[in-house]
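Multiple structures are listed underneath, in C-alpha cells.
Each of the next two complexes has chain A plus one more chain, namely chain B in the first and chain C in the second.
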Partner chain A sequence: MTKKPLKRAVRQNLIGWSFLSIWVIGFLIFTMIPLFTSLYYSMSKVVLSGEGIQVTFVWFDNYKQIFSSSEGFNFLQSVSDFAIEILFKVPIITVFAIIIAVMLNQDMKGRGFFRAIYFLPVIIASGPVINQLVYQGAATIPLIEEMGILDFINNTFTEALARPIANIFSELIVILWFSGVQILLFIAALQKIDRATYEAAMIDGAGPWESFWKITIPALKSMVLVSVIFTIINLATFSENDAIQHIKTNMFALETGFGFSSAIAWLYFIALAIILGLSFLLFGAFAKERGRR
Partner chain B sequence: MKVATKQKIKHILLGKTLKDGLIGKTALYLLLLIIGFVYLYPMIKMFTYSIKDLSDLVDPTVDWIPTKLYLDNYKTSWIVLNYGKTLLFSLSVTLVPAFLQTVTTSITGYALAKFKVKGKAILFGIILMTYLVPSQVYMIPRFVLFDKFGILDSAWAIIFPATFGQGLSSAIFILIFYQFFRMQPHALDESAEIDGANSYQIFMKIGVPLALPAYLTAFLFSFVWYWNETYISSLFLGSDLFTLQLKLLNFSSQFSLAEGLSQQAVNEAIKYSATILIILPVLLVYVIMQKWFVEGIDRTGVTGE
Partner chain C sequence: MRAHKFQGTKINPSKFHPSQIRFLLIILPIALFMLLPLIYIFNHAFKPLEELFYYPPRFFVEQFTLQNFVRLFQVTGSSGIPMSRYLFNSIIVTVLVLFTSVLISTLAGYALSKLNFKGKRLLNEINTIALMFVGVAVTIPRYLIIEKLGLIDNFFIHVLPYLAIPVGLFLIKQFVDQIPNELIDASRVDGANEWQIYTKIILPLIRPAIATIVILSFQTVWNSADTSTTYINNDSLKTFAFYMNTLTSNTNGVAGQGMAAAASLIMFLPNLLIFIIMQSKVMDTMAHSGIK
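Let's look at the complex of A and B:
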C-alpha cells in the first residue's frame, strides 16, 4: 500500500518554500539578524579588544553624541548636503532621461548605436572612476568654469546652499551618467503606446506639439515614480557618497566606533526613508492623476 | 505646376508630422550627436590625456590631439596596478558572486512566480525592503559576523552573501526572474507534470532553458555591478587585498609603493591611463554583449507594472 499523496495546496506550499529556503536562510543570517543587531549596537557602547567585542547597552547616548560632537556634526552636514543634491539631481536626471528616451523612440537609423552610447556610463561609472574624472576636472563642460557660473553660485547663495549646488555644476556630465537605466525604462514605456493613438490624434487635427503633451507625457507618468526611486537609491548607495563614507570611517575611529557608526547608519536610513516617502507622495499622486488605468 | 513642386519640397523638408521631414530628422541626429558627445566628453578627454607625454601635458597649445602617441603612461600604471595579478583577483570577487547570485535569485524568483505559497505578499514586501534599506545599516554586524566565521579579509566575505541571495541588488534580480518566469506558459509545466516530472525536474528542464536570456542579462548586470562596487569590498577585503577599483581609489599611495618608479611623479596622464585599464574589461564585455544589456531590460519585463 502506498502513502496517500499530500493535498495539492500543501504540496505547492512545501515545494515552494523548499525553493525559497536558500534565500530565506540567507536573509535571516546576513540581513535580518544583522539588522536587529545593528539597532542594538546603535544603542550600545561597542569596544573591540583582543578577546572579542564587548557590548554595553547605553540607551540613546550614541544618538545624543551625533547632535553634540564634531563627528556627528560632519555627518549631519553630509546628510543635509545629500538631501539638497537629491533635490537638484533627481529632476535633472529624470528630465534628461525623458528627453533622450523621446528622441531615441523616433523612427531613425542608428537607434541601437545611440542607445548603446547613452547606456555606456552605467557600465563604467564606479566610485573610483568618477572620482578620478571629477578630481581631474573632466566631469564637467569647461564652459561652466569659463562663464564663471561657480563664482556666481558662491556669491549668490549662503555657504550651506552654495557648496552642494556648486558640486552639481562641477560634475554636471557625470550626473547625467546616472540616467542610463532610466532612459531604457522610459523607452520601454514609450514603446507601449499604440501608434494608432498618434494617427487618430493627427486625424483629429492635433499637431506634434499637442500629441507630445497629450499622449507621450501621460504615458510616461507611471514610469516617473519607478525612475525617481531608482535614482534616489542609486545615488544614496553610491560608494563616493559622503554620508555613507562617514559611516565607514567612524567604524574604526578612536572617538566613535561601531556603536556610533550604527547609530548614524540608522539615522541615514531614516533620512532616506523620509526622502523616499516624500517622493512616493509627490510622484505617486502625479502618476495616478492622469496615468493610464 | 509650380505650386505642386513647392508643396513637394515643403513635404520633404517638414514632413507630415514635423518629425519625419528632412529638417526634423537632421535636427534629431544633430541633437543626439551633440548631446552624445557632451555625454562622452569625460571619456574622450580621459583617453586623449592618457596618451600624452609630459611635454604635451604642460603645453597649453596641445588640447585634444597629442603630438605623438605615448604609451609609457600605460606601462607605468600597469606596474602600479600590478595588473595581471589584480585583474585575476578582481575577476574572482566579481564573476563568482555574480554567478552564484544569479543562480539563487533565479530559484527564488521561480518559486514566487510558479507556486502558491503562503505568505507570498509578505515575502514580496521583505524583498522590496531589502532593496530600499541601504546596506550600511546591517554592514557592521555583518562585519562582526564574518570576523567570527573567520572569512574577513578574503573573497569569501563577498561570495557568501551573494550565494544566499543577499548580495548587491539581489532584490532587483529576484524581480527580474519573477517577471520572466511568470510570462512562461503554464501549460508547459502542466504537460510535463502529467508526463511524470516533479517540480525540480520541471524547473531544470523547462524553466531554466526557457529563461536563458534572463539568466544572461542578470549575470551581466550582476557582474558589472560587482565590478564597480568598492564600498563593501574595501571594508570586507581589509587593507591587504585589492581589486582593480580599490587600487585606483588609492592610486597615489599605490604609486609610491610600487617598485622601480621612485624617480617618477604621478601625473594626471598616468591616472587616466590607469582608469582606462580598469574600465577596459567591462568595456570589452559591453562591446561584445551590448545587445543583452540594453535589450535585456526590455525583454525581461522589469518595466511591466
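Let's look at the complex of A and C:
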C-alpha cells in the first residue's frame, strides 16, 4: 500500500509549524497568556491576600484613575519625558553607531580589538553593573557640569525642553554604552558591500565623500529600521526606566494595587506601540526605497 | 603585486600604515570612554570604605585593599547552604538556557524568515508586538500560571520562562532575512531537505547572530535573581545571583556598600569571560560567508 503524498501546501504548513512548535508553545504559556491576563486585570480591581487573589471586573475605572490621580499624573509625566528622550537619543545612537561602524570597517591595525571594545558595553549596559554605576554617579561626565554647559542649556531652552536635553548631556556616556548591538548590526551590513563597487565608483571619478553617500549609506538603510527599533525597545525595557519603576512600585501598593499597575503597563505599551508605529512609517519607507522586501 | 591578499577569516590587516592614523585618532579616545566602566568596576571593588563615598567619585583606587572580599566571604561562612551549591545551580541553569534558547530561536527564526506557511505573517506581527511589552507587567499573571502548572519549587522553572524570548527571535530573524533565497533554493535543487538546510546552511551563516544571542541571554540568566525570589521557596534550589543579592542586602549600611562592590565584581567576571570567548565569533561577521 502506498501512502498518498501530502499536498504541497499542506506539507509546507506542516514543516513550517513543526520548526516553530516549541517556540509557539513556550511563547503562549509564558508570554501570551500572562499578557492577556494582565489586560483583564487592568480592567479589574485585584486584591492580593493570603488565601489567593480576588478579582472584580470594573471596566475602565483603573484607566480613569490614571488620568485623575496624582500617581497617574506622575506616570504620564514620566512617559512624556521618555518620549522626548527617545526623540533625541535614538538619532544620536543611530548616527553614532553608523559612524563607528564605518570606522571599524576600515583597514587598520588592531581592528578586531577595537570592535571588541565597542561591543563591550553590551555586557555592561544591562544588568546590575549599570545600576551600580548610575547609582554611584560614575555615569556622568564631571567636565560637562564644570564647563557650564548645563547652565547654558537651562538659559537657552524652555523648561520643558531643557530638562531632557540636559539629561542627554549628563548621560552622554550612557548613550554611547547603549550602542553596542547597533554598531554590530551596521558592521554586518557594511561587510555585505562588495569592495568592487567602491573600486568601480572610484574609477568613475567618485571621491570618498560621494562613495560614502551613494554606496555606504544606501547599503545601511535596511539596518536603520532594525537598529531604531532595537534602540527604542532597549531603552523602553531598561529596568531603571522611570515608567517601569512606576509599574513596579504600584504593583503591591495598598491604595492602587495590581489592577492599576496593569493599567499603567498597558498604557505604556500603547504609547510604545505608537512610537514604534511612527518609526516604522518613517524608516520603513526609507528601507523600502531600495526595493527590499 | 596583488592589492588584496586573501586572509581567510582574519579581520586584522597585518601591517600598520600611516593612512590609518586618521581613523585611530577618532577611534582611540572613544574606545577609552567605552572602557571606563570596566576600569571602574575593577577599581571599585578594591577601594576601602572611605573611598567608596568620595564625591565626585574617583575612578582609581588609592589605597588598595581586599577587605570588601574578606567581609563578603565571612558572611558567606555563617549561612547554612554552601556557596558552591548556588554556584552549581546557576551554572546548570545558564547552560540549559543557552543551549535550548539558541536552538528554539534559530529554528523559529529560520521558519519565520524563509519557510512559507499559513499564519507566518501573523506570528511575525505578534512577536514584534510582544517585543514592546515590559516584563515586569506580567509578573503576577505569570506566577499564577506557573502555580497552576505545579511548577513552583521545580528546578526547571529557572529555565522555562527564558526560552521564548522575543528579542532573540527578532535579531535572529533579521539575520536570516539577509541570507539570499538563491542559496537556499540551490541547496533544495541539490536535494537537501529543510532540516539539512537549517543545519548546513542557516546555522553556519548566522553564527554571529547566535554568538550575540548567547552573550545577551547569558547576561539575563546569570544576573537574574527574579526566578529565585518569585518561583522558588526551597533555598537549595536558588541561584548564585539571588545569593549575592541577599548577602549584600542583609548587611545594610556602610559595610554593605563595600560588599556590594565586591559582589558585583564577582558577578561580572563570568560575563566578561563569556564576552571574551564569544566576541571573536560575533565580530567575524559575514565577510567571507559567500553572501553578497
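Please note the rule applied: the second predicted complex is superposed on the first by the 252 of 293 C-alpha atoms of A that agree within 3 Å, B and C clash if a C-alpha of one lies under 4 Å from a C-alpha of the other, contacts with A are read in each partner's own complex, and residues count from 1 in each chain.
Criterion: a residue touches a chain if its C-beta (ideal position, glycine included) is under 8 Å from a C-beta of that chain, and two chains touch if they have at least 3 such contacts.
Values in this document were obtained by computation on a predicted structure and should not be read as measured data.
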Joint occupancy of chain A by chain B and chain C, clash or fit: clash
Contacts of A:194 with chain B and chain C, given as first, second, both or neither: second
Which superposed partner A:121 touches (first chain B, second chain C, both, neither): both
First (chain B), second (chain C), both or neither touched by A:108: both
Which superposed partner A:208 touches (first chain B, second chain C, both, neither): first
Which of chain B and chain C A:59 touches, first, second, both or neither: neither
Touched partner set for A:181, first chain B, second chain C, both or neither: both
Residues of chain A at both interfaces, chain B in one complex, chain C in the other: 12-13, 15-17, 19-20, 22-23, 26-27, 29-31, 33-35, 37-38, 41, 53, 100, 103-104, 106-108, 110, 112, 114-124, 126-129, 132-133, 136, 138, 173, 176-177, 181, 184-185, 187-188, 191, 233, 236-237, 239, 244, 247-248, 251, 258, 261-262, 265-266, 268-269, 272-273, 276
Sites on chain A touched by chain C in the complex: 12-17, 19-20, 22-24, 26-27, 29-35, 37-38, 41, 46, 48, 53, 100, 103-104, 106-124, 126-130, 132-133, 136-138, 142, 173, 176-177, 181, 184-185, 187-188, 191-192, 194-195, 226, 229-230, 233, 236-237, 239, 244, 247-248, 251, 258, 261-262, 265-266, 268-269, 272-273, 276, 293
Chain A partner contacts - residues on chain B that touch it in the complex: 16-20, 25, 28-29, 31-32, 35-36, 38-43, 45-46, 49, 104-105, 107-108, 110-112, 114-118, 123, 126, 130-145, 160-161, 163-166, 174, 199, 203, 224, 227-231, 234-235, 245-246, 248-249, 251, 268, 271-272, 275, 278-279, 282-283, 285-286, 290-291, 293-294, 297-298, 303, 305
Chain B-touching residues of chain A, taken from the complex the two chains share: 9, 12-13, 15-17, 19-20, 22-23, 25-27, 29-31, 33-35, 37-38, 41, 53, 100, 103-104, 106-108, 110, 112, 114-129, 131-133, 136, 138-139, 141, 173-174, 176-177, 181, 184-185, 187-189, 191, 198, 202, 207-208, 211, 222-223, 233, 236-237, 239, 244, 247-248, 251, 258, 261-262, 265-266, 268-269, 272-273, 276
Footprint of chain A on chain C - complex, ascending: 4, 11-13, 15-17, 20, 23-24, 26-27, 30-31, 33-38, 40-41, 44, 55-57, 59, 104-105, 107-108, 110-112, 115-120, 123, 126-127, 129-142, 144-145, 149, 160-161, 163-164, 166-167, 169-171, 174-175, 177-178, 194, 198, 208, 212, 215-216, 219-220, 223, 260-261, 264, 267-268, 271-272, 274-276, 279-280, 282-283, 285-287, 291-292
